[in-house]
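For reference, the structures are reproduced in the following blocks.
You will see subunit A twice below: alongside subunit B first, and alongside subunit C after that.
Showing the complex of A and B:
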């Protein structure tokens, strides 16, 4: 009898022990569910409404009309192509520029830390500010530095935002994100074993061969991480499009399209529908890319 | 009950009593909340509000000054959802007739009828644009039209003369003649947006005989006249315009003209006061002319920033009193004597243009502003009648969106990525969907 109660008590305290931590977690769990899922549910609800802010009297349930609109107007596919294209080109360009500067900085010289700080600066400037800087100080036809040089070389000034909006956005994003790539690649370069490099030079491998056959394979994981993180950040690029090109010339990305539906069209329903479709697409892409992201991290750890 | 609880209850009781007493004391006072745009003239109004408060004891006016875009969305959502946060709102000529028709604004017709206010003194086209079926829903604080501004030194050097009412063909010829490697012939807005590119471009479309919609709300965006006008605008930019049109709107063109990078500019008349300001390098060198025309007599646009009282305000009487004061003849005199005569709000009252001090201070641009603003016709700005009142915009809620999307297509056409016809064929579909919603 006595032992029976003991066992019962033990079992009770065991279940108590199990429930207590769960109870303690509960507020945080409920909070995070509320914070992440409620807005999404509200967005889904909005996406089923006919709701233009400028026509409050016509607010009504619309069913899937907004989704039909999203797929029928044909703005979605060009926006996806623009987003993927701009992101891909910008990531590749900033990776190459970043690699170039990382290799240059991976040696001892006077003022190395000053040079490094200066090169990182573009990444620290607010995106809207850097878009304005490029619009006026660099690309402008009258006071821009690029056009000043172009004209000094004897050519006529180039209307960047008008003639080459796509390239302008890529140039700006590359300028902004190359420092980020450089930081990751530089840490990779500095973790290289000096002995291996020394051995290579003893074997009379040239600089280019050493770089191609020793440094680059060593950098592979760093490059993969840089590409993945860069892609995640660049997919959200919005400021250069809003400030410089206004979505012309194939630069209307998903982010800008969404902004337009919500704040120019004032159409909450349509904007929400675009938002839901974007989230679904993002989940699909993210599941695939996160898998490879984890692979990169895991293999990085195992080595 | 322990002492702590007693103390707490005592504190709460005192606090509630305090609130009640304060509320009773301020019972006779009214605080008006005014939402407005961050333009110079509005800030002048804020600096002079103490004069109004001194004359009207018991009324306080609280200004909320915002960027144009922020103001538009803040005021729209407040008024549309009847939140009642503002007693007075500053809205553009584009919004007034729509909001008036929606029943969101107080009808001011009877409140403005007294002789002292003299409602007949308000410039007739501006008054027309603010009325729906004879009922006036807002009063203009200041107004503007569009004019052609040109640097006389540059034009004289090439022997170019412009008349007071030039045609677009004359202007295009002049622009090509003065165009050089360092100085563009003409600056025209190219930044995609209904209020940027399409403000001047719509006036060009109308004077070429085109329109956005016919009387049945059928879109006319790919009609031959519309295509011809946009092609003309594009060709003029390509042959004698500034190099990077997509980057250029009001402020960029203003800078370019001030620094001598362009010779001519077609834009808002309010720019003239900035070109003639004391710190402007082109002060006194400028010439002004009516908006260039093709088939119509006048082609200038019409815009005004207006004060209106939302229908659901609790303080209607005090709010009306304030907007009458801020748009009165006495207020114009007050600005002139206290702040300087060149700062008097332009384009609202005819009598402003007969004040001797103002005539002297604004001699370079006051006559042409009055001339153009009295001449334009917001009821039928183009060749054919239209089902809305307004010149450089269509007074329907969808127009912001339609104008924006078509402007992006036109910008692609200006850059040569698609033809004008292709751009406007796509624009026609977008515009027709909005037109169908009006039928």
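Showing the complex of A and C:
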């Protein structure tokens, strides 16, 4: 009798044990679904409606009209090119600059931690503030420091953010994200085995050869993670475009285009259609990179 | 010979670091200038410092925007921790089947562009009359940061030695004791890192704030961005505003560099 209850209790606590993880993860899961997945489904629904916030009475079912419009007007392809191009250039540039910084900082020297602190600061600055100070105190035609230097060198001033908005955005994003890349790559460099490096120097392998054949292969995993995380963050970069270029000169990314349609043009249906297309494209890009890099991630985590 | 080379590289590193930092320094310097000094065609390094720019920020009501930012960041960070710690616990200390699927789901929501959800959120908030409400904005920030928090938390939790947990279970600790008095104290630094990063992301966020708030709940980034349409000279006051807005995160980041790295790499890099 007594042992029977004990077994029962054990069975009970075993079931409790079994369901506990689900109970723990459920709130996060429900919250996440409610605020990201459900709104996306609603976006799909909106995209099938003819709905302009300025004419709320004329709300009607539109079928795929909005999609036809999105593909016909010819804004979409340039926006895709802008999004992919800006992301790719910024990721590559910040990765290279970050690698350079990481190599420079992977030495012992006086004030090393202060130099590192100076270099990571641009990543910490509020992106809206970065966009503003670059636009008005660095790139400005009259009082910008860069033009001051350019003129001192004997050239005429350049209207960076108006004449070369594309390059300006890449410069700004690289400045912001190179420190992030540097941090990840630096921890990669510092995890290198000192014995291997010493062996290489004993063998007179040379700095460049050591870097190419020992350091870079070792860094591969770190580079992949840096690219993955950089891509996630830079794909969604909105502040520099909204603040610095307002989508001019080939910088009208999908996010900015949608913003313009919805909150300047007040056209919910069309904006939603852009939103759906954006998500589909992002999913394609993301699953390719994520699936291939996910293994790296998991192995990194379980190490 | 070797030491000359090392000195050269060190010198070059310093020049590069200082140049890279210059825009930040320039922002800081400009914030103490008069508008005329800031708009000088030849950059002025020597000038009489003034707090004029900062006092004009107070007139523009920046304190309210900073308060809103602080509230949104604190509330969303608290909510994220509340949701992420149990979830991460379920994914690491007491792994369930399909851990990978659950993780993949969470990380993929982070890939989801804000474009996917902003319209419905805007319209739902409007209908519920919570547009321009700091609590509603905090909910969105919590959803935005949750995936990263779960990833980071999981990596910190998986470092807790299994023996410690086993021992506490043999001692008959129930789940609550196991979590509260065994596991959480060990991962406290990790929780601090997660909180810091969630705070930074919320504090700096612009897109949702500019679209979901206006007069009452506007946070600092949209306030800063409103300078873009300024007329006349405004570099000094803009620099002062940027300095105030950026300073909390800069200081926090400087003092917690190590945690920041681990956290941002979501535990993939140790």
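By definition in this document, the second predicted complex is superposed on the first by the 262 of 303 C-alpha atoms of A that agree within 3 Å, B and C clash if a C-alpha of one lies under 4 Å from a C-alpha of the other, contacts with A are read in each partner's own complex, and residues count from 1 in each chain.
In this section, a residue touches a chain if its C-beta (ideal position, glycine included) is under 8 Å from a C-beta of that chain, and two chains touch if they have at least 3 such contacts.
The structure presented is a predicted model; accordingly, all values stated were derived computationally and were not measured.
Residue contacts after overlaying the shared chain place A:273 against neither subunit B nor subunit C. Applying the stated contact rule after C-alpha superposition, one finds that A:234 touches neither subunit B nor subunit C.
Look at A:263: by the touch rule set out above, it reaches both subunit B and subunit C. By the touch criterion stated above, A:142 is placed in contact with subunit B and with subunit C alike.
Looking at the shared chain after the overlay, A:134 reaches subunit C, while subunit B stays out of its contact range. In the superposed model, A:62 lies in contact with neither subunit B nor subunit C.
Of the two partner chains, subunit B is the only one touched by A:245; subunit C is not.
Put simply, more of the residues of subunit A are touched by C, taking subunit B and subunit C as the two choices. In the superposition on chain A, A:160 contacts subunit B only, with no contact to subunit C. Within the superposed three-chain model, A:43 lies in touch with subunit C and out of touch with subunit B [touch as defined at top]. On subunit A, the surface patch touched by subunit B in one complex and by subunit C in the other comprises residues 135, 142, 263. Residues 52-57, 135, 139-142, 147, 156-163, 165, 244-249, 252, 260, 263-267 of subunit A are the ones that touch subunit B when the two sit in their complex. Per the touch definition, subunit B reaches subunit A in the complex via residues 73, 76-77, 80-81, 98, 102, 181, 190-193, 242-247, 255-256, 259, 261, 397-398, 400-401, 404, 408, 411-412, 414-415, 417.
Interface of subunit A with subunit C (complex): residues 20-22, 24-25, 27-29, 31-32, 35-40, 42-43, 46, 101, 104-105, 107, 109-111, 115-138, 142-143, 145, 148, 175, 180, 183-184, 187-188, 191, 222, 225, 229, 232, 235-236, 238-239, 242-243, 254-255, 258-259, 262-263, 268, 271-272, 274-276, 278-279, 282-283, 286, 290, 294, 296-298, 300-303. Across the complex, subunit C meets subunit A through its residues 6, 9-10, 12-14, 16-18, 20-24, 26-27, 30, 38-43, 83-84, 86-87, 89-91, 94-96, 100, 102, 104-124, 139-140, 142-143, 146-147, 150, 154-155, 158, 175, 200, 203-204, 206-207, 210-211, 220-222, 224-225, 227-228, 234-235, 238-239, 241-242, 245-246, 249-250, 252-254, 257, 260-261, 264-270.
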